[in-house]
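Across the two complexes that follow, chain A remains constant while its partner is chain B and subsequently chain C.
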Partner chain A sequence: MLDSKGGGKPLAGLLRRKTLLLDLLAVAIPVIGFSFGLNFYSNELLLVYMMVYVALAHGINISYGFTGYLPFGYFGFFGAGAYGATLAILDLHVPALLGMLFGGVAGVLVGLLLLPLFRLRGAYFAIATLAAGEAVADIVANPSLQSITNGPYGENLASVYSSGQIYVAALVFMALALLAVVLVKNSRFGLSLRAIKESEYSAAMAGVNVVQLRSLAWVIAAAIAGVGGAIFGWATTVFYPSAVFDSAISVFAIVFALFGGTGSVWGPTLGTVLLYGLYSAVGLSSPQYFQLIYGLAIVGLILFAPRGLVGFGRAAVRRLSLRRAGANG
Partner chain B sequence: MKIRKFLSAALSVTALGALAAACGSSSSSSSSSTTSSAPSSITIGTAYSGSGAFATSSVPELNGLKLWMSLENAKGGVYVGAYKKRIPLKLIAYNDQSSAQTAGVQYNQLITQNKVNILVADFGSVLTAPAVSIAQAHHQLLFDQSGTGIPFFTPGNPYIVLCNLPESSIWPTPLAQYMISKKITKVAIVYGTNDFDASQAETVQAKLKAAGITPVFYQGIPTSTTSYGTILTSIAATHPQAVLELGYQPNDTAFLQALQSSGLHFPMVFTVFPGQLFSLFQQQVGNAGLQYTYTYATNFFHNYTSVNEGLNSAQFLATLKKQYPSSVNTLGLLGYNTGLVVEAALKNATSLSQLALRNALTKVSGNLNTVDGNFKINSEGAQIGELLPVAQILPSGSTTKIGIVYPSSAANATAVYPAPGA
Partner chain C sequence: MLVEYSIVAGVLLGLFYALMAMGLNLVFGVQRIINLAHGDMVMLGGFGAWELYYGYHLNPVVAIVVMIPITVAVGFGLYYLLIPRLKSAVDFETLSLVLFFGVSQVVEALAALGFGNNERSLPVSSIPSHPVNFLGQPYPADWWVAAGVALPLLAIFFLYLYRTRLGRETRAVMADEHEAVSVGIDAARVSAISFGVGLALAAAAGVLAVFVFGGVDPSEGVGITITAFAIIVFGSLGSPLGTVVGSILFGVAYQLAQVYTPSWSNLVPYVLVIGTMLLRPQGLFGRRTRIA
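After this line comes the complex of A and B, so read on.
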């Protein structure tokens, strides 16, 4: 899928290679960082959740950053993934690691089910996905489905708990999610998605199969959320529907992605590591100031860096270049 | 070809990273304390909800625990049997803001970073759930304050003990018996679709069915529900003799407020939390809205004059009122009693290891009498020594009071049934 035919235009080819290299660095650095994370900080659950959120923020990146569709109900795929994996592990007796894939499948199935929501746009789409996520949660927690989902009584994965396996699964999952974003960003597919984001009609006129490509991006985002939910459920081990179908999960993932900057590979990762790190640090050290500090950070973002950290960085570099060019006459 | 090279390099980095992570994580398990020299302090770690849906219940529980700590520290610390001396207590409390996810990270922090001696869970099943497996994985005993969820207590897990209250499925047994004794045959049940409420609903339904009574209305609703207008209208259409609303405090408050504004009257109305947070309900619902409502009577309403650990009921109430006047309720009692269970474990354990603490509690089970009654646990760590009688909120001059009406062995008031105006 990747367009590497840049030989005829050396400058363009060079730029493309440089971009790809930077993108792959955005995969390698977090992977290496988290690989050795436990040697520096032994709260493995925090690191696992952080890796899951990095991946989720990139799921939002694919859906919103590239396509322009903001799914407030992203937690619906997440919760479906947690339950899909749990049912596969407990009822089908598949190994826990393999069960994570079932989580992805569950996320994809819910994603396919919600495809008709693409008839809506903007805020209507966002709110409709929120309602859909709540609906999935209520179905799962319904006492009438106790024989399948255990209804409101939650699930217990203590029999397959393994902190080492969970950590490795989260790491590999995060790496694959990052690689998926690199692939999307540097492919014709990603270019088409950005065209759809700018204008669906113009994209369609230019020969882009809007429905097909938009659905594919949606399904990829749903799969990421599904596997994320599966790993989250495995790490949490004893969980109720309210813990995995929590709208705060969507809010976090969206805020992290926007804070870092969507449409890039670095942005959502930076946003998650910084904001989730801040969230955890403030929550642990100064809980009484938690809402104040976190709120101020988000207000600061909106006021001074509405395009996220990456956008802020790019603008700063551009200003510097212009100033330098001006100084050189 | 170049892209393939890039991708294979990236995958190699991932594989190497996974290998490094596997090595790191396998060496990161914490161990329980078995050192021979006495520590300078006993650290108690807990999570609490300073905001959010569970704050009204969690904060009093934390205050009760703090009360116990201050009383022990005033004596020079808690008595630790393994070292035959008193050791000062230190508290590390993290605010989880009613989020199970945040609570999970904080429990992990308390174990892996703070290396607390004693791990105490936050209020309720939702916020206790993430602690169960973390505690088990790190071989740390979890002092479960009020997480009465059924999935927590399993045969293979010695690292949990329920300090107060029985498993939620046991709670409504006296309630069902009361309705049967009153020959109530038309019962409407609305409950939150969470473990705590659904297990109670299921127990009531099963007990009623065993007596030949099928509820005329039986519906689960999302725990986030705070609008009961339509539900009340549907319930009224079935003409029930008793309406049971099983929810958390925000649900109960919303239900009673909606009932009052609807103008509907039923012969019997039951909700869970007024008995635990009575003064809060008096403020939020008002005495007029609470009158004749049934609720669970916790040991907060029982006068224990003879105890073998901690303060008796009168002393406890006086001290709690003085130090934490806003926490004079059942949750304050539960927090204090958790401290007494910790105290019993530390006093009777042969070492500070987590299994020694658990074994000590097995040893004292059935013989520990506190302001919360008899502490008795089964082999899985679940509380079985405490029962919850049925109480009714009765008019008392211009205000209301709670009277225990069932069973007769615990009763200190006579039930008013049917409620006036029904």
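After this line comes the complex of A and C, so read on.
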């Protein structure tokens, strides 16, 4: 960093290439890890759920980490995706894999519907999306719509169940979500998003099309949630609306992302693997203890390390290298 | 007949909703914090009443009186434990939202561990239970009790806010914290007390909620928080009178929806909050409040 004055552009380019390489490793390592996942851990369904949550945490990463908008109602897209895919598979008879894309489309449609909420900021936006998510859930689960969505009685995808296809679909989906984050992070688009997050006004002054770019990030996050919900529904096979429109899904994705650290490629992945791993160890048998642990984790995190694990690690590295530099100088 | 019934029922329940939402609005007005754990405080109030009834044979209405000083003290302590560390953060509003979201998870988990996951209810005999007729139609007695308890509590709250020195200081901090400090008001102390008062209002509403909602269970917090938030946004953030009027209108709207389209009535709070935010972000009574 010290000789960056003399180095000028080539050094900056090198640094950028180095971070890009590191970011790509953050895609490759989880993907390789999960493709051998079944050798380490035999519960296939849990691994599929974990991959879905990695992707969801990165959806939160794109929405909150890069643009600063915290969607508490993220589960609305997720549930819409599960239902979009299921209806496409059962009523339009599309193949299950293609159905996953319909899930993404359903997520995007709900996302577009909610675009007016961007008139709101901060906490208002967060709570408005929560209300919107609950509203979508109430509409889908409404007994009056039983002829279309089967109302509160849920859906059954047993006819298209295929464990191998589901695992591969989840793996590819996670890889795409991770790649999307890398692309966003290392592009002009990502830079503009961060400029918007810092100051919407200055970004607009500098020629950034605030509305368009923010909406694009939102749509990407919604598509991730939609496909995630579709794969979740496919893997779960029989689900009730309350299972896919569960505010706990937003909670998990947000906590995983914040715990790992938003704005990075490693953070949300690490957060999900650690916390969801913990969840499958203690959470399934006694969910209250898990809820207690992650509740305390959030409180501790906000009060003591608001930048998450990755931020915490970075600060530690910086302190170490400063000390070393001090010792050498 | 149905319209009349909905309006009377809406007003009765509206007073209860006002009690339920007022604490959230007070805490928001003073500290610009949306207390996502508010609904969980309501839930704890309900469990408190249950424990006091079965442990000490305490009438639920008396339980409210017992709980108020305790919850004020708890809120006072909780404020100093959580908020001062956060005040310096850049993104205070969103961080405090996430923080209280964590608190809400902790409270919900502890309640589930301590009280179990099942819904608990209090016997109707603990309060007058004979339906009360009004304008020729019967209304459940617990609605009258809820409104009858909420009204004096709200009156006391308004007296505190508008007729005492502490209330005047609280309103000064609500209007502008820096100026309040510059004229010698201890803003931290005022905020801590108002946080305690907010909790006390929530807990009091929680006792009544056991009857109005037919029971109390550890996971009811989120729904209550959203409904309370919908009401205070509708009635204007930071305006106590707006919360009362907003609650009554919400109560009537909800009752009308229940009578005419029961299966869609649960959408009322969501439509209300989103509609208000998009069409009239400052709410019914909003003049000086900031635009979201």
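The rule we apply is simple: the second predicted complex is superposed on the first by the 300 of 329 C-alpha atoms of A that agree within 3 Å, B and C clash if a C-alpha of one lies under 4 Å from a C-alpha of the other, contacts with A are read in each partner's own complex, and residues count from 1 in each chain.
Keep this in mind: contacts are C-beta pairs under 8 Å (C-beta built on N, C-alpha and C of every residue); 3 or more make two chains touch, one makes a residue touch a chain.
Everything numeric in this text was worked out from a predicted model, so none of it was measured.
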| message | Looking at A:V238, would you say it contacts chain B, chain C, both, or neither? Reply first, second, both or neither. | response | first
| task | Identify the partner contact of A:L112: answer first if only chain B is touched, second if only chain C is, both if each is, neither if none is. | result | neither
| message | For A:L20, using the defined touch cut-off, is the partner it touches chain B, chain C, both, or neither? Pick first, second, both or neither. | response | first
| query | Touching A:L98, do we find chain B (first), chain C (second), both, or neither? | reply | neither
| task | Mind working out whether A:L322 is in touch with chain B, chain C, both or neither, as first, second, both or neither? | result | neither
| request: Kindly classify A:L292 by the partners it touches after superposition: chain B alone (first), chain C alone (second), both, or neither? | output: second
| task | Once the structures are superposed on A, label A:I139 by its partner contacts, choosing first (chain B), second (chain C), both or neither. | result | second
| query | Just chain B (first), just chain C (second), both, or neither: which does A:V31 touch? | reply | first
| Doubly contacted residues of chain A, that is, touched by chain B and again by chain C | 134, 138, 142-143, 288, 291
| field | Complex contact set, residues of chain A against chain C | value | 68, 70, 116-117, 119-124, 126-128, 130-132, 134-135, 138-139, 142-144, 247, 251, 254, 258, 288-289, 291-292, 294-299, 301-303, 306
| query | Which residues, counting only chain A, touch chain B once they are in their complex? | reply | 2, 4, 17, 20-21, 24, 27-28, 31-32, 34-39, 41-46, 49, 134, 137-138, 141-143, 151-158, 161, 163-164, 167-168, 171-172, 175-176, 179, 182, 235-243, 246, 248-249, 280, 283-284, 287-288, 290-291
| task | Please name which positions on chain B make contact with chain A in the complex. | result | 2-3, 6-7, 9-11, 13-14, 16-22, 24-30, 50-51, 94-97, 99-102, 104-106, 108-109, 112-113, 125-126, 129-130, 132-134, 136-137, 149-152, 154, 157, 192-195, 197-199, 202, 220, 222-223
| remark: Residue positions on chain C within touch of chain A in the complex are 34, 82, 85-86, 89, 91, 93-99, 101-110, 112-113, 222, 226, 229-230, 233, 263-264, 266-267, 269-271, 273-274, 277-278, 281, 292
